[in-house]
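In this document, chain identifiers A, B, C and D correspond to the written order of the chains, with residue numbering beginning at 1 in each.
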C-alpha cells in the first residue's frame, strides 16, 4: 500500500465515489457522514444529505460532531421533527441512498448493531442498537455500507439482524414487501463487495490498490466469492485527499 | 323584548357567559367565534381560543373573517399544521369546550350540517358538510351549541347526523366510546336548553328576558320539555353590549 | 430539483383530464390563479379533492371541470354557501357531481397517510355519525394491543396537488408561512405537484413559522404574483373580503356566473 | 398555565420512584441538569425512555436510578459506546437493567401515538429484523382497505417527560428551535411534563424554526441556564465536545465514575 494515504482514507474515498450528484442520501454519523460530506465537497455538490435528526439538505462546511450537530440545522434546506423525517421522508421511499455502517455484517448483507456473542438477554458485547438503520435499510432506494473488514465483523451469519439485507438469499426482500433494493455495495478498507445478481451473496468485485485477494479472504469470516472480472480501484486523487483531510481537520479542531 | 338589544345579541352574550376563564375552547367561525371573542374581551381574558386552521391561543383584536384569518396566526401562541391540530390537540381530549353551530339540531343534541330534506344522494338542501365538527363533538370535554331557534332547525330527529350529541338517549356516548361528555348546553335567541341528567333530552332551563315558554315551544319541532326550575337570564350588561358591538364593527370595517 | 415553469405550461404538463387533483389551502394561500388556468385549459372529469372547497372550487365546478368532489367542508368561508356546488349537487348543473364526504380530521389523516407512504391512517373519528354510510373509505380497525375499536381512513394520493406559497428560490425550494394548513401533506401525498409563488428569489431568508418544501420534493414551481387573490398571502397581500361577499351574488345565478367566468377567467391571460 | 418552579421543586413534584420517565433530546437541548437533579434526589426503579439515551442516561443508569430502559440507540454521540449502560446490561452493575428496544422510526411513532391519544401507531418498520422477537410492543396489523400487512407499535405514555428548551415566558409558553427532535411529541404523550429553559423572558419573539408549546400543555417550567451542558442550546451555547470525549474515560471505570458523580453531581447544588 502506498505511503501517500491510509487504508481508511482509501475506504472513505471509495465510498464517497459511490454517491451520485443530485441524489438524496440518508446519512448515519461516523464513516458514512465523512464519506457523504467528501462526496458533496468534491464530485457531488448537489448531493442532498438527510440526517435522522430532521435536517433535510444539510450543507455543513465542517464534519458534524453528531447527527444533531447545530451546523446541520443551520445549513439545512428544512429542519423537520424526527417523526416527520421518518414518516414523511424515509418511509415513502423518497430517499435514493441509505448510507450505513455496522458492527457485524454477513454473507447476505444483513447488518448487526445490537449485540455480539452470548444471547440477547446476556450478550457478550452490548452495542448501541438500531437507531434509524432498520428502516433506512428497508426503505431507501438502495443501501451503501461502509465498514472496516476483518473476520470478527464479516461473519457467516450476524448474531442479530438489526437491519435486513438479503436475509438468507434471493427473493426474501420481495416476500417481506421491503420497498428498497437493499445493499448495492459494501465498501471496506480492503476493497468493494457487491451482491451476486443471482445468489445475493456478497462477492468481492474490486480491490483497493495494493490489496490482494488473499488478504481480503483472510479478513472475511465466510468463504468469500470473488467476481470473475475482479478490478482494482483507482487510488485517491490528490484533490480527494486534500478535501478529505481538510474535513477531518475541522473535526479535530472542534474536539 | 327590550329595545336596548337584539335577540341575536342576547344569544351571543348568553353563549359567551358559558365560557369559563382559563379554559381551552375549540371555536368554529360565525356565531361561536363571535361569542368566544366576546368572552375573551370581557370576563374570560385567559380563554384559550383554538381554531381548526392550526392557531392555538389566538388573541385577535378584531373578529376574524374566517377560521384562516391572518389575525389568528399573527396573535396565536403557536400555529401548527391542520393534521396536528386535530391529532395532537383535539383528539387526545386536551380541549375543554367545543363551540359549535348547526343547521339542524334534534331532541338529543345531534347536529346536522350536511343535508336537509330528500335523501343524501338527492338532497333538498345541500349544506357545507362536517368540517371539524364530528370530532369536536366527540373529543372536547363538553360541547356548547349556539343556534337560532325555529321549528325547521329544532327537529325531532336530524336528517343526517353530522355530529353526535346523545344519539337516541342515555348511555349511547359511552357505548360508542366517545371521550367527551357531549352537548352541555344549547344557547338560542330565545333561551337556554340543557340535557336532562336522566333522559339526555334537551330541556328548556332558562328564558331570555321577555321571552315566554310558549314562544320557545312554538319555535321547537318536538314536544319541548321545560325544567321545573325554569329561570330567566340576565339581560346583556352595558359593558357586554359595548364590547360586542365594537367587535361586530371590526368585522363590518373589514367587509 | 423542481422545474421553474410558467403557470400555463405547469398546468398543461401536470394537470390532465380525469386526474385526481387537490388544490389545497386553508382560507390562506388558496391557488386561485392555478384554478383559473385549469378552467381556461378546459380540463374535464377531474376528481377535485380538498378539505375546504371554497370559491375556486365553486368556479371549477360551475365551469364543468369536475366529475367528483372529495371534501370535508364546502362553503364560502365567512360568508355562507357555495351556489355552484349546491346547483351541481341538487340539480346536476352543469353536470352531476359525485361526492365523497369526510370530516376535517379524516381528510387531514388521509393526506398524512398518503404523505407517509401508508395505505391508511388511524384516528378517533366519525363515531356515531352518518358519514361512514356513504363511502367505503371509512372503516373500523382493532388495536392489536388493547382490542379497542378505532377508525381507519384510506390514504389520499392525488395525481397532482397544486398549492400557492409566498416564495421559492431558483432551485425550487418552496417557503410558506402563516397558516399552512395541510399543504405539506397534500404535496407529499401527490404523485406530482405544482406550486405557484408570489415571487422567486435568490435566497430564502428564514421566516418564523415557515414550512419549507425542498425542491427535490416538488415537481414544478411557477411565479404568479397575486396568485392567491381574492384570498391572501401573508406578508404579501390581504384578503379581498368584498370579493367573497360579492361571490355570493355572482355564484347564485347561472348566467351571472357564466358571464363572470367568461370575462374574468376565460378572456384573461395566465398571469405568468 | 404551566407553573414556574425551581429545578429541585420541579423534580421533587413531578418525578417519582417507579415512574416511566422520558428525558428527550436529539444531541441538541439534552436536559442534563434535570437528569443530575434526579440523581441528587435519589430516584429509584425508573423506567427510562428515550430514542437516543446518551451520556446523561449513562449517568442515571450508573447512579442506580433505572430499572428498565426503553430506547432505540444508546451511545455517546459522535464518540462511541456508553460504558455504564454496557456494564449494567452485561454485568448487572449497579443492578440489572431490563431493555425494551426499538428502531428510531418505531420509537418516534410510539410517541406520536401517545401524543395523539391513540393506543398504537402504524408504520412500515422492523420487517425482517430480530427486534420484534424481544418485545410484545411490536405487532403486525392488516390494512382494512388493501389487505397489506404493516407494523403496529404500542403508544408510549410516559408518566413524566423532561425536556430542555431555549426560552419560556411567564405564562409558561415554551419556545425551542434548531433541532427539536421528538420533544413536542414526548411532552404531549406524557401525563406530566417539566421543561427546563435557558431563560424566562417577558415576550417570546418569534424565531425561524421555532416549536412553541403552549403553557397550558406543560406542567412546570424551571429556569436553568446552561441546563443542557455538555450538549448545546442553539443560540445560547455550543457543544462541549471535549466533555463527550472525556466521558469515554470517566464512564469506563466504576470508581472513576463514582468519584465523578460524587464531585460533579451529588455535591453540586441544583443550579436553580
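Rule of thumb we're sticking to: contacts are C-beta pairs under 8 Å (C-beta built on N, C-alpha and C of every residue); 3 or more make two chains touch, one makes a residue touch a chain.
According to UniProt, the chain labels map to these proteins: A, B = Glutaconate CoA-transferase subunit B; C, D = Glutaconate CoA-transferase subunit A.
For clarity, every value in this text was computed on a predicted model and none was experimentally measured.
> Per the definition at the top, count C-beta pairs in contact and tell me whether A-D or A-C has more.
More contacting C-beta pairs are found at A-D.
> Averaging only over C-alpha atoms, locate the centres of chain A and chain D and give their separation in whole Å.
28
> Rounded to the nearest whole Å, what is the centre-to-centre distance of chain C and chain D, using the mean of the C-alpha atoms as each centre?
39
> Could you say which residues in chain A touch two or more other chains, in rising order?
Residues 87, 91, 139, 179 of chain A touch two or more partner chains.
> Chain D: which residues touch two or more other chains?
Where chain D meets two or more other chains at a single residue, that happens at 117-118, 123-124, 148, 184-185, 209, 211.
> Pairs of chains that touch, anyone?
According to the stated criterion, the contacting chain pairs are A-C, A-D, B-C, B-D, C-D.
> Enumerate the contact residues on chain A facing chain C in the complex.
The touching residues are 22, 24, 46, 48, 56-57, 77-78, 87-88, 91-94, 139, 179.
> In the complex of these two chains, what residues of chain C are touching chain B?
Contact set of chain C toward chain B: 26-28, 51-52, 71-75, 77-78, 81-82, 85-86, 89-90, 101-105, 108-109, 111-112, 123-131, 133-134, 148-149, 178-182, 184-185, 209, 211, 232, 234, 238-239, 241-242, 244-245.
> What residues of chain C sit close enough to touch chain D in their complex?
117-124, 137, 139-141, 143-146, 148, 150, 152, 154, 206-210
> Going by the contact rule at the top, pick out the chain A residues touching chain D in the complex.
Its residues touching chain D are 29-30, 52-55, 64-70, 72-73, 79, 81-83, 86-87, 90-91, 114, 120, 122-135, 138-139, 160-164, 167, 172-173, 176-179, 254-255.
> Considering only the defined contacts, which chain C positions touch chain A in the complex?
Touch list, chain C to chain A: 1, 115-118, 173, 184-185, 188, 211-217.
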